[in-house]
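Two complexes, one shared chain (subunit A), two partners (subunit B, subunit C).
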Partner chain A sequence: MYKYWWKIVACVLVFYSSVAGFLMEVPVLPILNETIRNLYFHVPMWFVMVVLFSISVFYSVKYLATNKQDYDTRAVESVNVGLLFSILGLVTGAIWARFTWGQFWSFDAKQTFAAIAILLYFAYITLRNAIDEEQKRAKIAAVYNIFAFPMMVVLLFVLPRMQDSLHPGNGGNPGFNAYDLDSRMRMVFYPACIGWVMIGYWIYTLRYRLNIIKNHN
Partner chain B sequence: MKKVFLFILLQLFCVQLFAQNNLPEMATDLRSSGKIYVVVVCVAVILLGIIAFLFSIDRRLSNVEKKQKVG
Partner chain C sequence: MLKKLTIKLTLRSMPLIHQIKYLIKKEMLLEWRSKYALNGILLYVVSTVFVCLLSFISIKPITWNALFWIIMLFSAINAVSKSFLQESKARQLYVYTLASPFALMVAKILYNTFLMLLLTIIALVFYSLVFGFPPQDKGLFFVSTILGSISFSTIFTMVSAIASKAGNGGMLMAILSFPLIIPVLILLIKLSKNALDGLDRSASLDEIGNLLVVNILAIVVSLVLFPYLYRD
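So, the complex of A and B:
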């Protein structure tokens, strides 16, 4: 029923990227120094989050179309796992900022908006838990989710680009623009993203299956 | 038999001693300049542990599903 091969592929990709992430050559840039390797670990966390939240909104739409409880379970579990990865992304970002920008939290545009995006999804969980009736909860949560998703996209990918952010890849930082992701880094970065997304999806399926068993009893 | 074994064992100690005298700095892979390999090994161990843990959860879930005939 549950095939293992893609899970093994995911593990191999993550394992490869973690080892190669330390050992491969990277561009030499000021300020970033070796922390440029964070690209292989911090950025995939956000990729996983975006993919999982996309899965969630997909199932929310499907729920509203069909009213099948199963889709609601899928939506909430993918948000749960997405939140885990978003927090990991935020924390690793803060640790990195401590040693490149000088402090853990500097209310940089990207940091702040990312935090707000995460709060949006905490609100989703809170909203769900506040409603006892199952059908009502699923419906309201699904509608909320459909509104939260574009907000998250705007907060993470639009608003930070309209302001000055220190985050690499934004404006005048000696960061990721300087080399425009050179081919050596791509060899590690893409496998890392694909691998972590698969791992995140795997954890989501685990939680989903657990939920099914719980409801079955 | 015991004596032979002891003899070989002591010989082995000698080999180590010789090696230390001749090459005071044993530049093994794990001790090369920046010692980054140590971190790599640590990360690898952590990852393998977590991956093994995930697989065990997956298998346990599959067993429960089989017993309850869900999924």
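So, the complex of A and C:
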């Protein structure tokens, strides 16, 4: 029990946020209307991605410091799961955009930069596939991962703020909390973020452990 | 030249600044002998300009800007990727035993910046001969080209080191570097667009600041990471 209590917490939080997200009252706003409920699903996906990519960079640094193959496995698995969540974030965002901005993909600044950031990590996977030798692959991939991470941060958090964007909080738009994230929504939004981050971490540990079993046989 | 380098560098205890100086000298001599990058950029600019001349006849300033940076992007990727990709394994190993990785990286970045500045001047002169030079704020435009040369050289130098270690060069170089360079390119195009329109300079301070931060980040990260990369 003492070891997997957090998994139960994660499930409870995600379950709560999904049910409450659809059933609880939300502020009625023009254009957004009921789609504002997507906030509980779209934004946490990106939080999970950033957390997982940070974990990956942490283990890449550790790999370069110690040369333990184990850290490389952790780094690549967290990138894999992070990519999954980034695609989920892109899809939920596209659906939201369909109903508020009129189309799935409108080349909004933040959409474009998020897509480029994802490309960055696909490049990481491609780089890994291009090298056969395990030690060499681990080292070069770790170097690229560390080099790419600051760029990802610039792409997602610096550049969109300077461009005209339809996203709240960018290009001079007020952030969400300025006008509609009232305390009722916070009651669902924060648990959703924490819950999804824990779920993402859980998936990553599962994949990592699976990888270890595969390597043993 | 390499023999001379050996004599000068056999002692790795030699001050870093001298190592860097000799390494830059070596790069310059090699480039001067083959003139690979210089001829490459001339070919790129001339052929692009002719293709555009035939298809556009005359171009609007906004197209002028985009075209210029596209030419610069592709010639930069060719010129800078050469710095690690075109050196044979044996020669790389030889230089690595002589010089410290820090000195090597600093030398490569400095040399590539110099090379990119030279290429930018050549490209700009030829390009504006054919299509004119529309920027209203000329000073700011030159600042953007200088920042562009530095950014291309810092980012592509590190990526070419990674790609050359990974084995198959050219294709990997493009896959790895395009997502990295696109944010920088967007900033550069915005900055030079401001210069083109002659906007007040205070409107471009954000872009200049961000470009400087990205460059410093790229330089620091590559200097820290290269020592892990250079030995197999």
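Definition applied: the second predicted complex is superposed on the first by the 207 of 217 C-alpha atoms of A that agree within 3 Å, B and C clash if a C-alpha of one lies under 4 Å from a C-alpha of the other, contacts with A are read in each partner's own complex, and residues count from 1 in each chain.
The working rule: a residue touches a chain if its C-beta (ideal position, glycine included) is under 8 Å from a C-beta of that chain, and two chains touch if they have at least 3 such contacts.
None of the values given here were measured: they were computed from a predicted structure.
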Item to check | Fit or clash between subunit C and subunit B when superposed on subunit A | outcome: fit
Checklist entry - Just subunit B (first), just subunit C (second), both, or neither: which does A:Leu206 touch? => result first
Checklist entry - Which holds for A:His216: it touches subunit B only (first), subunit C only (second), both, or neither? => result first
Next on the checklist: Tell me the contact category for A:Ile131 with respect to subunit B and subunit C: first, second, both or neither.
Outcome noted: second
Next on the checklist: Per the contact definition in the header, classify A:Val19: touching subunit B only (first), subunit C only (second), both, or neither.
Outcome noted: first
Checklist outcome for this item: Geometry row: CA centre of subunit A as apex, subunit B and subunit C as ends, angle in degrees (steps of 10) is 160
Checklist entry - subunit A residues in contact: does subunit B have more, or subunit C? => result C
Next on the checklist: By the touch definition at the top of the document, which applies to A:Cys11: first (subunit B), second (subunit C), both, or neither?
Outcome noted: first
Item to check | Lowest inter-chain C-alpha distance for subunit C and subunit B in the superposed arrangement, angstrom | outcome: 29
Checklist entry - Which subunit A residues lie in the overlap of the subunit B contact set and the subunit C contact set? => result none
Checklist entry - Considering the complex alone, what residue numbers of subunit A touch subunit B? => result 1-2, 4, 7, 11, 14-15, 18-19, 22-23, 199, 202-203, 206, 209-210, 212-213, 216-217
Checklist entry - Where on subunit B does subunit A make contact in their complex? => result 36, 39-40, 43-44, 47-48, 51, 54-55, 57-58, 61-62, 64-65, 68, 70-71
Next on the checklist: Per the contact definition, I'd like the list of subunit A residues that touch subunit C in the complex.
Outcome noted: 64, 113, 116-117, 119-120, 123, 126-127, 130-131, 136, 139-140, 142-144, 146-148, 150-151, 154-155, 158-159, 162
Item to check | subunit C to subunit A touching residues, read off their complex | outcome: 158-159, 162, 165-168, 172, 175-176, 178-180, 182-183, 186-187, 190, 206-207, 210, 214, 217-218, 221-222, 225, 228-229, 232
